[in-house]
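Order of writing sets the chain letters: A, B and C. Residues in each chain are counted from 1.
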Amino acid sequence: MKSVFQRAATLLSTASVAAIGFAGIANADTLRLLTWGGYAPEDVVAMFEKETGHTVEVTLSNNEEMIAKLRATRGGGFDLAQPSQDRIAGPQAEFGIYKPIDLSKIDAGQFIGSMLEATKTNTTVDGEVYGVPHVWGTSGLVVDTAKAAGVKDYTDLCNADAAGKVSYRLKRPTLIGFGYAMGLDPFAAYGDEAAYKDIIDQVEAKLIDCKPNVKTYWGGGDELMGLLRSGEVVASMAWDTGGWKLNADNPDITFVAPASGALGWIDTFVLPAKGKSDAAAYDWINFVMRPEIAAKITDAAGNFTASKGADEFVSADLKARYQASFPPEAVDNIKWYPPVPAGLEMIEGAALDRVKAAN
Amino acid sequence: MRAGSKLGFILLFSPLILWLGLLIIIPHIDMFLISIRERVGVGKYDTSLANYLTFFREPLYMLTFARTALMSVLATALTLVIGFPVAFYIAKIAKGRLQSALFLLCLVPFWVSELVRTFGWMILLRETGVFSSLLQWAGLADQPVEMLYNDVSMMVGLVYTSMLFMVVPLITTMESLDDSVIEAGYDLGGNGISVMREIVIPHAMPGIVSGSIVVFMLSLGNYLTPTMLGGKDSLWFTELIYSQFIVRFNWELGAAFGFMLLLLSSIIVWGTLKLSGQTLEKTMG
Amino acid sequence: MTLQDLEIQNLTKTFDAFTAVDNVSFSVPAGSFFSILGPSGCGKTTIMRMVAGFIDPTSGDIRIKGRSVLDVPPNKRPVNMVFQHLALFPMMNIADNIGYGLRRKGIAQDEITRKVGEVLERIGLPGIGQRKVNELSGGQKQRVAIARCMVLEPDVLLLDEPLGALDLKLREHMKIELKSLQAEFDTTFVYITHDQSEALVMSDQIAVMNNGRFEQVGTGQDLYYRPETAFVAGFVGDSNRWRGKVTRAEGGQLQITTEAGLTMTGSDQGRGLSVGAAADIYVRPEAIRVGRSADELSQFENTMRGTVSSILFNGAASRLIVRAENGQEIEATLPQSGEFSGISRGDALHLGWSGEQANAFAASDDFTKVFE
């Protein structure tokens, strides 16, 4: 009984804090963070608040919603956001929702140098850098190896032996993953709209063909976890962390890097155009990039970070799973998302709508 | 005195005006302005009807639009067919404590959020769910049965979600029907069917129409139920709007879709009122 | 034996522990106007609903034109009912309201139109068929409600306090009209009401009902002048009521001393009250003669002096309230002779009434009940 009351009390106080934060004007040392689940674990937030005196308000979201939210407020309402690095240049050019990062305020020594440089390049618009890397990972396949050992690549999801028991998202990673699995090269066609459309058309046809095989298109990580855990789905396109989490409960289920290559993504730090406490934002970035803190985030989110030397602090279990899923040649085969040129999303969107409507 | 009453009037109406103005009229004007914008380059826009043209030229959008409307009409009809006897029983047959208990039962599902209710249905209908297990246990099925992710499960969810909004107006109108009018129907030679058809249904017509309008609007604008229960084939118009706004960043087309939906619902409501010979004042009053 | 349209035999209805109708029997001859008069909750509505078929009796029999109708559902019984609030169908126009029962019988549309026209003619409202229910006045609705039943030519028409919702003036008018409609249609009417004046004016026979039983059945005159029970004496017409004790009894003449200490002479009309018995005395205001002097009233057994404490002027039905010397208040009819037109409060008066007019009953609970 007591714990229920305690929980209710916590809920109430959280709600009232949220209400105050919502109603009042954020004071200078409140950091309104728009991020993904697991990227701001409670213990890290507590440590940060204790050390710096700032308070942190966390809002969980995903790439599309982050951009939509910032677009709706023209870059207001948050002080720090974490979209993927390929989704920064396009929206910035189109909507101007970010502000440039002052690299002098960031401790570059804490970052894995190559990843920092790559992210800076990909997020540069008009000579200004808009993003620095935080968490990276891949998407590929999560497979129940006892029931669907034959699934080695995205297109294997369409095999008859897994009929009715596969799932994937109806989003752009699926289009691109299938493109590679079909022997095409979508990223190479990013610059050429006609060529890209041609690729997407082929993928669309394949996905429509494949549709009877699909149990349902998953929408959220928890939904997919439920489907895999219950055995209703035996193979799915998914993030690596999802596979590793399930692996802990059921050794048969694990993440498989597809033969045509896993898709690599990097989630970044960006400053929303109307952010009010940049100082707190920089403090947060420098704080979470410390190796021991970054390792905590890796433990919470399941993904590795761009923090140099954090690997040492990560639990041995996770490292083992990572190495099992990624033999060295698979790491080399990762396809890193280049920035998405504006306009491609329209082509993809129309294709996805048609797949959804197909019978 | 006059000035005082004027002030009172302003004070009384300002919340309503603010609500209408800030939350309905201004956003809609803004939406309309967005919907007649065409993106011609990075960050550059022209005024045009291109978005509406896209809607009419792409068969997929029209198809989804028509499908959403038809399914909503079907959901409304089913809700009415199921809700009418329930409402009649609560309003006219059940008495006292039983009546309030039954009414409460109708209300109970609405104490939890729509999301939780929809999850409830998913737990019941999924392949490893309650119904599937029951069927196997009873020997009616020899392997797990998937009942989710089809139009039927979606319809079940829509009807369930809307039931209260049909039952409440029906109960209200039927309660206003004097029992003696029903008795007079029998006394003068009517049987159950003719009393229903000539007395109860005509009397309940305003409730039927207003309940149907509300249920139709709710179904048409529902997003959660079709996406969660309908799964890969759900194809609901609100999903298109959502994906245009959130996933595609194509606010212009999304806004145009939003206006088409507004237009569609207005036309269907207007048509229903005309067909049933009711007026908006009569059904809402 | 003449043909009885409605015969009720030993009808009883109990709801759990409560007996609503307790072993009631009566019969209504063809073409007569029969009323059941009683306070609310006396069981009269229950009887009517059993006759109509909406309630099943616990025991007893209901016969219409000699045939038991217990097994006949309400929509097949040859009785129709005019409801308290008329229960016209608001969703239909007048012609459809009246034609409803005919449609149920499967009669052809042109026949229905003809019959509806005819009955509207008979109730004096030709040509209102296309009107809406709420466009009619109270009295018109009343007539339409009756026409809606009469067009079906029922053996018995039941009327459940149909005048209750009307205002006073219209009610007075409708009493006469109902009576003439009954004569016009020549159908048996069974009318229930708590308003004695409605029952007295219209009925051939009246049953006074109390606590699920019939107290007395008779004509209006019987009930008014020759009440058989204290309840009837108290309920029908106005009375001065006193409770007392019988102090002397000879040959139907009683001497009674009231609780307030007044001694008066009364009659038990053969009910055999004996000395020492508790008794209630009922004296109608119009039985009390008012005089300026004691001499004028010497022929009465009961006389007393008093002063006028108030005058209830109501034209022909004006009353005086006179405070007797012992403090008792007595209601008496103000004579219309003009002699007392100048009377005012505080005037000294003499009252007198005959022992025959002072109706004595064994004391009962009804004494206090009618006062409530």
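Before moving on, here are some points about what is shown:
Heads up, the rule we're going with is that a contact is a pair of C-beta atoms (placed from the backbone, for glycine too) under 8 Å apart; a residue touches a chain by one contact, two chains touch by 3 or more.
Just so it is clear, the structure is predicted and the values come from calculations on it, not from any experiment.
Steps from chain A to chain C, minimised over paths through touching chains, total 2.
Ranked by how close its mean Cα position lies to the mean of all protein Cα atoms, the top chain is B. In terms of the distance between Cα centroids, chain B is separated most widely from C.
The distance from the centre of chain A to the centre of chain C, each centre being the mean of the chain's C-alpha atoms, comes to 88 Å. Chain centres here are Cα means. That of chain A falls 35 Å from that of chain B. Rounded to a whole number, the gap between the C-alpha centres of chain B and chain C is 55 angstrom. Across the assembly, chain B contributes no residue that touches 2 or more other chains.
Residues 52-54, 73-76, 80-81, 83-85, 87-92, 100-101, 104-105, 148-149, 152 of chain C touch chain B in their complex. Residue ranges on chain A touching chain B, taken from their complex, read 64-65, 67-68, 71, 91, 93-96, 164, 170-171, 211, 214-217, 219, 230-232, 342, 345-346, 349-350, 352-354, 356-357, 359.
Across the complex, chain A is touched by residues 42-43, 58, 60-61, 63-64, 126-128, 146, 148-149, 227, 231-233, 235, 239-240, 243-251 of chain B. Taken in their complex, chain B has these residues touching chain C: 178, 180-181, 183-191, 194, 198-199, 202-203, 205.
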